[in-house]
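In the part that follows, the structures are each spelled out as structure tokens.
What follows is chain A paired twice: with chain B in the first complex and chain C in the second.
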Partner chain A sequence: MAEAALRTLPFDKNRALQWLHTYGVYAGVGALLVVNSVITPHFLSAENFRTQAVQVAPVIIVALGMALVIGTEGVDLSVGAVMALAASVTALYLGYGLLPALLAVALFAAGVGLANGALVAVIGVQPIVATLALMVGGRGLALVLLPQLKDLRNPALASLGSGDVLGVPYLILIAAGLALLVAFVVRRTTFGRQLLAVGDSRPAAQLAGLPVRRVLIVVYVVSALLAAVAGVLATARLQASDPTSLGNLMELSAITAVVVGGTPLTGGRVNIAGTVAGAVLIQLLTATLIKHDLPPSWTQIAQAVVIVAAVYAARGRGKR
Partner chain B sequence: MTTTGTDAPVTTASNEPEEATEPVGSARSERLSALTQQHGALAVLMLVSLVASFSFDTFATGDNLGNMATSSAFLAIVALGMTFVIITGGIDLSVGSLFALGGVLAAWGSRHGTLVALLLPLAVCGLIGAVNGLLVARSRLAPFIVTLAAMLGARGLMLALTDEGADTYLIGKGSVLAELGQGKTLGLGNPVWITLALFVAGAVALRRTRFGQHVYAVGGNEDAAALMGAPVARTKILVYTLSALLAGLAGALNAAWLASGVTILGSGMELEAISAVVIGGTLLTGGLGYVSGSLVGVLLLKVIQNVINQIGSLDSSYQQVVSGAFLAVVVIAQTWLGRRRQLM
Partner chain C sequence: MAPTAEVLAVRGLSKTFPGVRALDDVDLTLHAGEVHALIGENGAGKSTLIKLLTGVYRPDGGEVVFQGRAVSFATPLEAQKAGISTIYQEVNLIPLLSVARNLFLGREPRNRLGLLDMTRMNQQAEETLRTYGVRVDVRRPLRTLGVGAQQMVALARAVATDARIVIMDEPTSSLEPREVETLFTVIRRLRDAGIAVVYVSHRLDELYAVCDTVTVLRDGRRVHHGDLSRLDRLSLVSTMLGRDLGEVRTEGLTKFTGAHSATDTEPVLEARELTAPHQLHDVSLTIRPGEVVGLGGLLGSGRTETAKAIAGALPTRSGTVTVAGVPLRTGSTPAALRAGISLLPEDRKSEGIVPGLSVRENIALAVLPRLSRFGLVSESRVDAVVDTFIQRLRIKASSPQQKVGELSGGNQQKVLLARWLAMHPKVLLLDEPTRGIDVGAKAEVQKLVDELAADSLGVLLISSDLEELIEGSDRVVVLKDGAVVGELTGSDVTEEKLMRAIAGDAPARDTREEDAADG
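So, the complex of A and B:
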């Protein structure tokens, strides 16, 4: 459409944008690493890297599920509420032991995901509204179950939150393992193919005989389960259940990570490596500004600029 | 064929693959579903209010109703702008941040006179809205993500202005601005009158002007609207600017009412506004919507909130559960009704 006009430019804007779209997020992470190792004191230490990675791990886990949902041309606003719900349910059932508590969390999360999926796939409600309802209701339910912050004293939970293998915290291992698993599912399994087909064109997927409804429902359940994992891990790290503030604005962080990572909002494509890099980019950006005593307001403005730049670079690359 | 219809409601009527499968001619049932779509929220509002006024002595008192009206006014102004955006098939997530920003700017500006206090928030918020509109209309970025960025950016700006939320600017007692927010005319708070005037103006603009026709046309089918010669890009830029202006104005009025620019306000307001608009019968797919419905939607949300507060023994978190469940029920009903109308 606008190609004719672009071709007359001496500088090939199209290719520059394409490069930016594909590799921009990695270039951004690289640039931040280089800049920080020069200007930020004590940046290049194992301790600092561990801190940053532990902080970003829950965001990555939530963003993985969000990437799958966005791949189907949907969005899941309820992930923050599911994290809060996971915190509440963990606190309620921890008395029976860690495993029963985790089982209960999984049941609650699957219920929320099932409700999202049913609203979207069976009733045909727009994803943004369906998950908005569960976002409001889910946070409310979390607060009904546990009205205020509660300290949790459980050795198993504590070791989940702060334990490590050879110096690498469980949180990082779990996030990395889940990222590999999700990337494998997207690239190498029938379900991954079906997911992308549904996101590419739902009517076409339907006509091709794909189980569209089942794929959508499973995607929303997976998103909720991943959010629940993040919620449990965050709770384990805090050693306290905080349904009021846990997961607040997490949906925005996750969407940002996915979009900055090069997954188009129009569905049909999922970039897991980019999503992880997107989460890391935002984390490093925030850390850089904080370490140089720039106020949080700058972080938000910077984040806004990064989002717009990322979608601008991705412009017109999805289907119309 | 029918399954395609039930599975692809997100697409607009124009690119749904199938033709009408239901028997044409059930004009009565079509009228009925249209009526439910448009006035269902009003019926529920009246029912809930009626039950509430019989159940609680304190509900239907002048004081309680007056307070509810004033506290609804600010959300209603935001929802008015959101209605226009949603009818064009877009969405504006930045209104909550703009609401907070507008309040802070009004309070900050009030030391330089009332005119500055009113014009500054409108100018800044209007500018942000125009940028939203430009990015959506000219650069064809998704409204969802553009306004998400604006939401972060506007809140960042607001925090930068207030020393990270530590400074709260006050509005002097007895100033014209304070009178505008706190005064009463004929027993109702001034913000309520302003809201009513804005809704009348909004309804006229939507129903009786060329701009209003363009708003519906863009939301109904953008390509068709462009082919008919409607100024699609200009219409979109205007609705996002309008939405931001109204959010800024609502924030300024709210600050005048509270006599200070409170920095923690407005978070989650975009979701409340969207809920109100959707409950009021405006379709998120665009092309169909009512300004009056959004007002009813806001009132319904506030009445439910009030009733839950009246019950007292119920924790306020139940309110969120009820609101969420209510929103789900409404969109399910709307999706059914909307599909029926599209098929016929």
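So, the complex of A and C:
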């Protein structure tokens, strides 16, 4: 009997890992929702859902760009710094009105993305090193532009941060819209297909005549632009520009969301729905522990467990 | 050569990898002071044999007797310590350490306090290296030296560590002619010192210049061994390629019909004097519409490099490519593709397919921009193209959505052919199109090549299968050491003449010799 169990075990294990890899993140979100509705008071309220969603929106937006970068077998560590840069630039140019300020933010972010992309695609620097440089330099620049926290009193910006349509905050609408847009780009555009091919097999993509450099550069620019959107939205919600701490460790939250969502770090696949669910899963996990007055260190340990589980499931799948 | 002590006796060595008998019952004997050529085409088992001797792999059967004792090395380090050193194409030293440190790594001279005696080390290193023709500041980091000099350091190190056998795996592939001469001097000195040398190379000139004995491997078996001087070049090539000289075939087993309507129209492709350092020397060739031009030569003769240079995938130092009279910017695959050149790469798995994407995505990969509007893919147009080629090439997949990595080799190759045919190319470069695919798919691919030529496509066919090359091509351009050494046309396209050209027997133009004469 033990023998029979042993013989069937590897097969079942692979199946289980496969299932965990594909649906684990959604199952995790579902389980947390069910558990919380039972054990957490006032969990099932519109107010609570709105709070959770508003908190997770910036992470989702950054993770969308991160998923694209990881799809090309890269990584973008500079996203948190870009958020800080967006905050500084917003504060600097808000005097000219919201739209000019947003334009300036977009230019700065595109500059960072171009620098990342050029380092990776043209010079051939490893993504982790190239974006590490911009992570340090970007935050430095943000602090040069605006050395300390500054309150922003601009009605247009304030309404961007706290306004809503039929009770749904702009933040959530923007995050959802961007998620749909990025998913569409991955599935239906030439760029999306080329991105996956570049991530899966760079030599084959090169020999197939794909514009490999252009694809890589655009991916890093898009990642920076999405991080800038998240930075502006976070600033709008705070009604203050905080280049010192805004976006701190955001790169790690975004990578976590992407990995937990089932996008492999080896490139060639991008799972946008999974990435959104991954961000939501981490958010719910954190909220659950906080609401039950557990210390923050528990949250970190719980996150670690989720990450390891996700990577383990992905490994089992990758071996197939 | 006087009979000398046997250093190595390999008997009945075998190694099987999943699905492949890589080495089958191979014997090899090495004597002290013998320079032994080990040759064979791709997949013949040379590298497997070397890896078994040096402890990278463990044999499945057979024995290795080294200096009278049966040995079984678990790691390359053990083999090296016992006295079997290997010089690889890529130098396996530590690039950032100084030349002297590399030379003495692990056996550095020490002073009375047990510290490194740098003065003595540098002095000794300089003396040693001078005998190898390397005159450099030994305090410089190794990586600042040229590849040739680095290889000499590796060699000096091997000899200094009391090697009894030195295995050289294509040592000259990145050396200048002058450095090759130095290497030969060193090899002769090793021979005189009683060291056995195993020399792996595809360059026949070098083999005859420096080797005494030869072992020819084919398909994992030893098919010939003996004195090299008793085997002329033509016999060597025919043994290596598995072709009996007496065997004259007029009709073969391939599916090629042979004659194409190669007309005297303007060439669709004209490559002129393509040169890439260490790889190509003034390679020129033309292809007319409806013509299949074969590219013959041994492994490492520059066939793949020529195809890649034409397709913009290999940086060239000089030379031009014209497509239908229009000059092409070299060194850019997108530009070549736009001009109508498609390359089916030799290494299907790592340079051809995108394994994680579906059959559909793989077929549409290159043509995608043409099936899109404003960057949006038209799924219906993609489906139309994909369905057409799945039917036309009879690609067997469970559905167009199946991952291409899960298909058989033959079907993967058809997917790649579909990818290129969807581009409606003017010139198709096929690098080993039938290698590693089953017989049925092979016949289909060969038939397809004929059909394409009939549709007045220009085709460049690279194949290590002589029969395929002869029967499929209207004309064969022969390469040797990265240069064109001959061209066979019309009734001259026969196996024997091809092998003569490859061996360098035929009175063919040899651009390298002309260069040397000029210089």
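Quick note on the criterion: the second predicted complex is superposed on the first by the 305 of 320 C-alpha atoms of A that agree within 3 Å, B and C clash if a C-alpha of one lies under 4 Å from a C-alpha of the other, contacts with A are read in each partner's own complex, and residues count from 1 in each chain.
The definition used in the following text is that contacts are C-beta pairs under 8 Å (C-beta built on N, C-alpha and C of every residue); 3 or more make two chains touch, one makes a residue touch a chain.
This structure is a prediction, so every number in the text was calculated from the model and none was measured.
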| item | value |
| --- | --- |
| Touched partner set for A:268, first chain B, second chain C, both or neither | second |
| Which superposed partner A:94 touches (first chain B, second chain C, both, neither) | neither |
| Which of chain B and chain C A:209 touches, first, second, both or neither | second |
| Touched partner set for A:129, first chain B, second chain C, both or neither | first |
| Touching partner for A:200 - first (chain B), second (chain C), both, neither | second |
| Which of chain B and chain C A:311 touches, first, second, both or neither | first |
| Comparison of chain B and chain C by chain A residues contacted | B |
| First, second, both or neither for A:227, with chain B first and chain C second | neither |
| Partner chain in contact with A:85 - chain B first, chain C second, else both or neither | neither |
| First, second, both or neither for A:189, with chain B first and chain C second | second |
| Overlap of chain C and chain B interfaces on chain A (superposed complexes) | 203, 206-207 |
| Complex contacts: residues of chain A adjacent to chain C | 188-191, 193-194, 196-197, 200-201, 203-211, 268-269 |
| Contact set on chain C toward chain A in their complex | 311, 313, 333-334, 336-338, 343, 345, 350-357, 361, 364-366, 368-369, 372, 375-377, 379, 419 |
| Interfacial residue positions of chain B with respect to chain A in the complex | 3-4, 6-11, 17, 91, 135, 139-142, 144-146, 148-153, 155-160, 164, 271, 274-275, 278, 284-285, 315, 317-325, 327-328, 331-332, 335-336, 339 |
| Chain A - residues contacting chain B, complex | 73, 75, 115, 119, 121-126, 128-130, 132-141, 143-144, 147, 202-203, 206-207, 212-213, 252, 255-256, 259, 265-266, 295-301, 303-305, 307-308, 311-312, 315-316 |
